[in-house]
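Labels run A, B, C, D and E following the written order; every chain starts at residue 1.
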Amino acid sequence: MKLNDIVIQTTTKFVLFIILAFSIFIFFNGHHHPGGGFIGGLMTSAAITLLLLAFDFETVKRILPIDFKILTASGMLIATLTGMGGLVFGGPFLSHTFGYVHLPFFGEVELATALLFDLGVYFVVVGSALTIIEMIGGDQ
Amino acid sequence: MFAIILNISAVLIVLSSLIGLYRVVKGPSNPDRVITLDMIGVNLISLVAVITLILNTTAFLEVILLLSILSFIGTVSFSKFITKGVVIERKRD
Amino acid sequence: MEILMSVIAGILFMVGTYLILSKNMIRIVLGTNFISHGAHILILTMAGLKTGAPPLLGLEATNYTDPLPQALILTAIVISFGVTAFFLVLGYRTYKVTGTDNTDGLRGPDSYD
Amino acid sequence: MTNYVIWTLLIPLLAGIIMLFIPQRVILQRTISIIASIILLINTVLLVFQIQTEGIQKMELGGWAPPFGIILVGDMLSGLLVLTTALVIIPILIYSFSSIGVEREKKYYYSIFFFLVTGVLGAFLTGDLFNMFVFFEVFLLSSYVLIVHGSTQKQLRESFKYVLINILSSALFVIGVAYLYAVIGTLNMAHLGERIASLTEPAPILTVIALMFLIIFGLKGAIFPLYFWLPASYTAPPTAIGALFGALLTKVGIYAIFRTYSIIFVHDPAYTHTVLGVLAALTMIFGVIGAVAHKDVTKILVYNVIVAVGFVLFGVSTMTEAGYQGAIYYVIHDMIIKAALFLLIGALVTVGGTKYLKQMGGIIKYHPALGWLFLVAVFALVGIPPLSGFIGKVLLIQGGTTVGDYWIVFLMMVASLLVLYSMIRIFLQGFYGKSVLSSKEEHGTTKGLLFPISLLIALSVLLGIGAEFLYPFVQTATEVLLQPELYINAVLKE
Amino acid sequence: MFTTLHLAIIAPFFIAIVVPILYKYFPRTHTGWFVLFVPILLFLYFLRFIPETSNGNTYHAVFDWIPSLGIQFTAYVDGLGLLFALLITGIGSLVVLYSIYYLSKEQEALNRFYVFLLMFMGAMLGVVLSDNLLVLYVFWEVTSISSFLLISYWYERDKSRYGAMKSLLITVVGGFAMLVGFILLYQMTGTFSIQTMIQSVDDFTEHALFLPTMLCILLGAFTKSAQFPFHIWLPDAMEAPTPVSAYLHSATMVKAGIYLVARLSPIFAISGEWLWLVAGFGITTLFWGSFNAVRQTDLKGILAFSTVSQLGMILSMLGVGALALHFDGIDNNVYIGATAAALFHLMNHATFKGSLFMMVGIVDHETGTRDIRRLGGLMTIMPITFTIAVIGSFSMAGLPPFNGFLSKEMFFTAMVDVASFQQFNMDTFGVLFPVVAWVASVFTFIYSMMLVFKTFGGKLQLGQLEKKPHEAPFGMLLSPIILISLVIVFGFFPNILAYTVIEPAMASILPSLLRNGEHFLVDIYFWHGWTVELFMTMGVVLIGTVLYLTLRKWKSIYSLFPKHLSFNHLYDTTITRGESLSAKVTGMYMTGSVKHYLIYILTFFSIFLLYVLFSTDAFALNTDHLAPISMYEWLLAIVLALSAIAIMFAKNRLATLIILGVSGYSVALFFVTLRAPDLALTQLVIETVSVVMFLLGFYHLPEIAENFKKARFQVKNFIISFLVGFTVTVIGISASSTRLFESIADFFPKASYDEAGGNNMVNVILVDFRGFDTLFEILVLTIASIGIFVVIKLRLNEKEER
């Protein structure tokens, strides 16, 4: 049975960016407001899941030619290496530092290694959630 | 006064969720249940909003936004499952 | 409220246990989900409820709710998501290979000679 | 100065992560894994010597002092277990190279292997109860994956049960932590110990929580009556994985009981430790009954895993110097010898083509080395001197008689005897006896399998004869167990 | 320090390592020739100690093995140890020599044989020359193992394996008991050194553990020395090649138990229990062994039971010897004679029994059978073998002029003396000893005669034999001839043994009787005058001859003993019943059904914890600091509870999933009301993603699950799950009502911003304070996703398993 998915597809195209933007907002906002790598990552996964719902695996693969397992592994690597940064400077594992950098356009921006760690978390969450969805959905 | 009204509205919203729950359990058909779930989602959004007011905090604004998106995704996936039996297709033809 | 929440956690545990004691795979998988819910609520309850504002410093409150259990629960939620996902896949693969979604069909031969 | 504690976790973790990127490069993965495990071994040896010379090692993660941050604590008990783990995985890895098959190797076998090791090592080293839960999950999830790795019918069937029971036990772990946090208000084990030690009045709720933790860890450590999941699930996966499980997984549960029952829950030993002793005794007996009942060689072996759990926990329950020392000696011995036996049994099943004793016979004719190694391993397992099980058993008996647990000592000897009986049957019927197969009919070879086995057996013999060398380390470990303040002060006060 | 003495003890092990190499690279030479020099050199080495020990000196050398645990390899040579060491190496040399001819190098796996034999030799030396009990135990178990391996040497035979298993199990039972005994001794004395214990013996004879310790150790000794009723392994051990039977199962290993009894006499012998146990078991074994030997038809069977009986005899003498301790000094102390007799007979037994075993081996080798019903008339064909048999058997029967006569006389003396002892109820029951001894001797006489005349006398039945018999080659006869000449030499000149080895050995057994500088005086001679003993011997010969000649008529009394009452039967049924019983027990609960396992675990969890909770009075309910509940929270709780309960009755998987979603969202709402915004966010997203995941998974599962629809409300399951929920709740309430300490929460608000630079405490905890948790939590996620990938993509066939 072929159904007309035009409504959902159009809506998705529109909503997707809102969700993605929101997820990135939540990710960066995490250190001070509710949010962070986990929630941001999960939101992104939810957005991509919506994309999958509206379209199909092959289309999405064309849009996002990423091996999610590699994404996961990179996330793990980033998180671990960030942690080891502390070791390199003679501190304990996972010791974070933070400072304020003045960037054009953005103004005063807080830059913390914790954010890098959170980025790792974000990658892992996106990568693994989507691997899971892709695997279950793609299994015939 | 305002607090009382807020509390009453919270109670009413939860009550309507409770009624929704009855529909979810009872059915009779799956589409009924899905629609009810959507309804409960809307209820929840309003409830979180009310609670935000009761607690007088901004901490839960993200939750409201999120809930609306998520209940949309949830409804879409349930609908697809009911109509097509498969949630995500491998390849559309 | 702690008592109410303990009871709720108990009910969630009860339901989860009831479900994992049934023989249907889906029920079992869903049952583990309930048990995790119960456990998470219990952590929050055990730390003491409503002792202050949400743990966000920006809110300028004097008292904050204990943030530590919340962090623990967050960890636990994510872990149980991973585990549930794996368990679900395991369940349906098992169904496909063994041809049954009834756990009685999983007994397997155990011979004593 | 390098902090070996953290590297103990980082080495396997990094190795596992790196191999996630190269699933298809089998040879490269093998190289990485063997190099990583050797570096890990060197690292842990250094760690143990560091603990011996400089006292308890620790790493405050993120620089946050306990009890607020997480701390890794390497005391001698952890150090010895970590070292043994590092020792045991090398032969298992080598055995995997020639037995696990390229398909599995291409499907992240080594990564998951190292993640499991990371989880186990982390559980040994962490000083934080919730962090221990996280590490438990790491190795549990890895074990789920490994147990089902290959998705054969039997693996799927057994892993479903295994996963279900472990999910339950994880949930119990979480609520156990929650209860403890409610009562004591902290998660750091040293801090918990300090606070509980400072109690002046009896707190019966702590006894309940202590026993709850006994159940939680007992589920992992396979004590009576919580071990039902173990026999089938350890026999389902391929040999190398079974060996890894048999050597490491139950030991984590044992370690956790060891740790919590020596540092945290010492407020009412008359109750808690008696329960532990009784359960340990029941574990031995029911384990050995299972071993005697079966004629399937793999089953005989896994029930013996359960027996060993009983032995070690009995040592823990005595709370005496000899008992602790015996438990430590025995657990180290058991890790090595169980790995060896799993590999041996795997090789036996490979060449014999069956796992049922009745269909085997005369294997020794064409595989003498395998047979004699097996015999030595059996005698080591039983604690026949001077092999590795002996010293542990002597000390356990000593610990038991010191506190007057004569009945348990008696049961322990009965269990030992039946262990001997159950295992020697394999030797007499499988290796000895009339040959069933001619050399041509035998399935596969032992090529590549004997070397790792001999490594483990050699270790076991060395451990027995060189027990004196190990003694100072065991003594250091015991000191901390007998005087928990040493641990608490090392973690909190320095 | 590692001395020559240690090296001497260990040497056989080292040579054992080399044996397989020699076997491989010198295939033309019989490996035995390489091995032979080991016991000979050792024998010569130990001979040098004789002057030392006969002067009453001892020699000891300490090598630290595990000194921290009090385990030192202390090599200790005194009279007793030396006697055994000489026996082991002496008989060992002869057995190796004999084996060279007995085992053909073409057909047998000689490398295995000699490795085991050397292992045994070293272990046995270790047993008798170690002062440290644990080291002694180490060697003790190695003797059990080497015996096991030698019995199962012909491993393709079912009987060999059966016998090996039996001997291993029984001796290991004893070994374990003994180990416990040793450790209890350590507990009492604080040392593992026998000599140190002996010095402080008076301090612990009153200890409560004294008797249990003794029982444990005696169990070890009795099983090893095949005492009634543990003797059943010895006849089955005869499946071993004959040199092994001669060496292990008659001359040396089975005497380890006797050695142990002798060695520990100074510690235990003073007690009445010891006396009764050792002497009582000894005399019972003596009778039972000799009585059963007569019914055997296998030559080795006769010898096996004969060995059992003789071991009992030696043991009973040792036991009776302990009576001497109740008198002061050695003057006029008649009971020391028993100890002397025990040692003397120990040597004699080794000589005549060794030669008899070798004789039987020759007969077996040359005729192909050991069955006395098929043998007969070999006298003329094998004259030398016959001579050996006659001398050996007559010595065993206690006939003059052989050494057996002398020790048998001394034995009778000791038994007669027992009856006159006045303590420990000896005056009442002591008279049993000489009576039983005499009866047993009659049977000994009968089977000795059987051994000679059933084999060599009577008619030759060539048809019954597998090969045509002829006299054995000289090499094979050499060892028995040497032994049999010793039988004669010791018979005529017994005192060469008395001064050199027996007196020093007695000094080790009964040290407390000697004052400074004293030593025992043993003088063995033939003629004591017309004593009771002599009449007893004459009676034995007379009645024995009559009974031997009428054997056929009364043999039926053996069938009076029902077979299922025998100890062998007991052993067999214990094994088979034990196995089937354990299979039944295990099968009862190991059903393979995960539901059952969960039921056990959960029932244990809840009942046990509830019991503990209420029995320790840990339940507490404190309503002081509870948080308030508003109306909508009550309702929310009801929603959550109802949705949870509803799922128990749902009969449709989609409905179940939707209800799960509802309850998940309610949980998230609770996180909102309980001020946990991050949790609410996470919970909501996870719930949604999970729902999608479940929907995806449903595709793979059966459309309408039959058992899902049929799932009726299960009362039993409900009760268990109710108990679990109840437990969780009750402990939760009690725990939150007994807050013993403030939580560490106060730290985080302060530190979060100032030290970690974040406002969201939960996030700061996640990435910073407890970032380590997070790191491994995402590892869990990684593993889960990889795992799902593996489960779905990797499908192997069961057949390819290895």
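In the analysis below, contacts are C-beta pairs under 8 Å (C-beta built on N, C-alpha and C of every residue); 3 or more make two chains touch, one makes a residue touch a chain.
These numbers come from a predicted model, not from an experiment.
Novice: List every chain that touches both chain A and chain D.
Specialist: Touching chain A as well as chain D, we find C, E.
Novice: Quick check: more C-beta contact pairs in A-B or D-E?
Specialist: D-E
Novice: So, comparing C-alpha centroids, which chain is the farthest one from chain B?
Specialist: If we average the C-alpha coordinates per chain, E ends up farthest from chain B.
Novice: Can you tell me which chain is nearest the middle of the complex, judged by mean CA position?
Specialist: So the chain nearest the centre of the shown protein is D.
Novice: Starting from the mean Cα coordinates of chain B and chain C, work out the distance between those two points in Å.
Specialist: Averaging C-alpha atoms per chain gives centres 21 Å apart.
Novice: Once you find the CA centre of chain C and the CA centre of chain E, what distance in Å lies between them?
Specialist: About 49 Å separates the centre of chain C from that of chain E.
Novice: How many angstrom lie between the centres of chain A and chain E, each centre taken as the mean Cα position?
Specialist: Going by mean C-alpha positions, chain A sits 63 Å from chain E.
Novice: From the mean C-alpha coordinate of chain C to that of chain D, what's the distance rounded to whole Å?
Specialist: 27
Novice: Multi-chain contacts only, two chains or more: what residues does chain B have there?
Specialist: Chain B, residues with two or more chain partners: 55, 59-60, 62-63, 66, 70, 73, 77, 87-88.
Novice: For chain E, what residues touch not just one other chain but two or more?
Specialist: As it turns out, chain E has residues touching two or more other chains at 583, 586-587, 590, 592, 594, 598, 602, 675, 677-678, 680-682, 685-686, 688-689, 692-693, 696-698, 700, 728, 732, 735-736, 739, 743-745, 748, 758-760, 762, 766, 768-774, 777-789, 791-793.
Novice: Which chain D residues touch at least two other chains?
Specialist: 13, 20, 61-62, 130, 134, 137, 141, 144-145, 148, 151-154, 160-161, 164, 168, 175, 178-179, 181-182, 187, 232, 293-294
Novice: Report the complete set of touching chain pairs.
Specialist: Chains touch in the following pairs: A-B, A-C, A-D, A-E, B-C, B-E, C-D, C-E, D-E.
Novice: Which of the residues in chain D end up touching chain A in this complex?
Specialist: Against chain A, the touching part of chain D is residues 3, 6, 10, 13-14, 17-18, 20-21, 59-63.
Novice: Could you please specify the touching residues of chain B with respect to chain E in the complex?
Specialist: It comes out as residues 7, 10-11, 13-15, 17-18, 20-21, 24-25, 27, 30, 33-34, 36-37, 40-41, 44, 47-48, 51, 55, 59-60, 62-63, 66-67, 70, 73-74, 77-78, 81-82, 85-88.
Novice: Residue numbers of chain A touching chain E in their complex, please.
Specialist: Residue list for chain A touching chain E: 26, 30-39, 42-43, 45-46, 49, 53, 68-69, 72-73, 75-76, 79-80, 83, 93-94, 96, 98, 110, 112, 114, 117-118, 120-121, 124-125, 127-129, 131-133, 135-137, 139.
Novice: Can you name the residues of chain A that touch chain D in the complex?
Specialist: 69-70, 72-73, 76-77, 80, 84, 86-87, 91-96
Novice: Sort out for me which residues of chain B touch chain A in the complex.
Specialist: Its residues touching chain A are 59-60, 62-63, 65-66, 69-70, 72-73, 76-77, 80, 83-84, 87-92.
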